[in-house]
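I've put the structures underneath this note.
Next come two complexes, and both contain chain A; in the first it sits with chain B, in the second with chain C.
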Partner chain A sequence: MKKRTMETSLAGHSPGLVRSIERRLFLKQGLSLGALALLSGCDPTDDEGVQSLLKGMSRWNDRAQGWLFNPNKLAPEYPESAITKPFPFNAFYSEEEVTLVDGKDYKLELEGLIREKKPWTLPELYGLPQTSQITRHICVEGWSAIGKWSGVRFSDFLARVGADTSAKYIGFTCADDYYTSIDMATALHPQTLLTFRFADQVLPPKYGFPMKLRIPTKLGFKNPKHIMSMFVSNEFPGGYWEDQGYNWFSGS
Partner chain B sequence: MKPLEIAALATFLAAGAGASAADAPGKPMKMDEPMHGEMKKESMKKGDVKKAAKKKEREMKPMIEKEAAGSTKK
Partner chain C sequence: MEAAQAQWVKVHPLVVRVTHWINAFGILIMVASGWRIYNASPLFAFRIPNELTLGGWLAGALQWHFAAMWLIVINGIVYLTYGIVSGHFRRKLFPLTPGAVFRDMLRALRGQLAHEDLSVYNAAQRAAYLAIILCAIVLVLSGLAIWKPVQLQEITAIFGGYESTRVVHFLAMALLVLIVVVHVAMVILVPRTFPTMITGRARRTS
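Let's look at the complex of A and B:
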């Protein structure tokens, strides 16, 4: 018996019909592949090629968000009566495992494209002009809470240390090993604060003592706590959650 | 100080100490335990962050230093 291949069975039909059938076959085969992957417990997204493609799309998404970012648009601010009490604690560890940083010995380290790399002690940082904001912290997990943070405008700090603000990125490393990075436009946004106080008190350990970067235009995981060092660079630094596939820009 | 005041002070101090010990931060992180929060994948452990941070530092530090050295030469 003659074996019927796709070519022989479709011979003589119009090219439009052939294309239509090929599309249907492609979809069916795609669905079969998906079902097979589910049955076998195999995650197609574990494949290196798929990962690379998804990362490329995510970086393109970051660039699009960067273009759309309006550096003059302010996040909403709220009255004291709107503050969420108690403000939620959130981290990849429990509250009792919060890292304790010794404020007496603390020095903020500066690296990369920064002219004055002298480390900063807490009294020096507390001595800078301070401002306060009551803004909404929005978590990627789906909850939000309003809090009051006080500190120095990050743009003022960057100007004071002679950071190259034409560079693309600022990276942060934290006492709890967490790390992340942000774009320069967001760093220079007027509401981006290097904060030392929460609810008019010295930043408690669970909220990031001695220092938290507060960015009301970005999701919570882009707001590093317990900051120990920062660097300015044109090399893409990524971040812990961002390297796991979360969107790097994650802002408005 | 009257006995009643001493007792009240003792009760206050004991209650305060108890409350702070219950949720006091600073305990060593249990690195082999699963991560907290909703962002993680099921298999992620708390210690994964430290490992990733060290790897990232190894990758980034030479590039940042080279970049900074290049900018000072200009």
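Let's look at the complex of A and C:
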């Protein structure tokens, strides 16, 4: 609301002047933050100007992480003895509320910039060449746990269905109403796996039956579970946590 | 006129003053948002009271932390480059011997440290300022190692892996906060050092 009033009152002036005044207000807001936080005890994070500054920095950090991402750099792999037991359950709901997907009727839907959009059944997916990895899952909260996942290399799957790998994003929608999206470079990373097994067992519901996209180069919340459909797009798809303020790229 | 001017001595160069205050602002944001991030998954059996933290919740705190990160790193590079190239560090922080540090710390505790010439740091100050610089370097490196344990895994490995890097990052923060608390307490005890950090000048007391 404040911003609108300012724009109206400055309407008659040159755009250059308006910009310079806006810039000054922006700087002033920035400088008074520390003092505000300490003295008033109120969190400056709620301020509209601060919000747009922080979101802008988060977009900048997306780009910086994109540049820093080396498609050939592999996440460390661990021996079986390093696996965390029990592996923690984590979602935006409690373990009792885990979504149960019926494997018999299940079909993975493909949308967007993909040549062959024929849905995939589980037996078809299980029939693809499989590989395993033991890697560290790092949560945005800070904790980490080592687990073993098995499945098909995602870049192989994308090649098989004729995905346009020059597109920017791949988005995922999940049976538990979760959704997220990743950059194409990460999707094509050799350790990014579409997994169907955890600890040499069929992926149990709590870890994302029927499938979880395992990305050891990203934080845990970027690894969608219970995937129902995926789409290739050039339009930024966002995500469940990302839309609430978590950094979109969230690379490790 | 000349006599009046002669009473003022230059204490802190402009670059040091500007980077000092940018750093103070940046560290405040990093520590307060870092405490909120700590609370999301505490390493130890305590939490930081939310009133002392910044960000409102984990996502907000992370936004602050990874925004202010650029501020303190760029500011730190300017400060370190200036300190090394101009000879500021060599002149102001050295020579430094453990004996002198111990002696000046005892004097400080007894309130016997004189501060006639604010442009010369005593050994306790030298040790404290060097320790802050080292803490900051460890904080930045361990922070990068936590942020990018795959892309920068060589740094993470130096600290003994992801989980121990978190502990190092926390302990370096704790040491830095401790030194800052002592630093601010000393400024309160010798208040004329405060305007000097803004104007760069001090009145000669002799």
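Criterion: the second predicted complex is superposed on the first by the 198 of 252 C-alpha atoms of A that agree within 3 Å, B and C clash if a C-alpha of one lies under 4 Å from a C-alpha of the other, contacts with A are read in each partner's own complex, and residues count from 1 in each chain.
The rule is simple: a residue touches a chain if its C-beta (ideal position, glycine included) is under 8 Å from a C-beta of that chain, and two chains touch if they have at least 3 such contacts.
Just so it is clear, the structure is predicted and the values come from calculations on it, not from any experiment.
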item: Which superposed partner A:Asn70 touches (first chain B, second chain C, both, neither); value: second
item: Contacts of A:Ser144 with chain B and chain C, given as first, second, both or neither; value: second
item: Partner chain(s) touched by A:Gln244 [first = chain B, second = chain C, both, neither]; value: both
item: Which superposed partner A:Ser52 touches (first chain B, second chain C, both, neither); value: neither
item: Contacts of A:Val98 with chain B and chain C, given as first, second, both or neither; value: first
item: Common interface positions of chain A, toward chain B and toward chain C; value: 140-142, 241, 244, 246
item: List of chain B residues in touch with chain A within their complex; value: 23-30, 35-41, 44, 46, 49-50, 52-53, 56-57, 60, 63-65, 67-68, 71
item: Chain C-facing residues of chain A, complex; value: 31, 33-34, 37-38, 41, 43-46, 53-55, 57-58, 61, 68-70, 73-76, 136, 138-144, 216-217, 241, 244-247, 251-252
item: Contact footprint of chain A on chain C as seen in their complex; value: 25, 28-29, 32, 37-38, 40-41, 43, 51, 54-56, 58-60, 62-64, 66-67, 70, 148-151, 153, 162-163, 166
item: Residue numbers on chain A that touch chain B, as the complex places them; value: 90-100, 111-114, 140-142, 164, 171, 173, 176-179, 205-206, 221, 231, 233-235, 237-238, 240-241, 243-244, 246
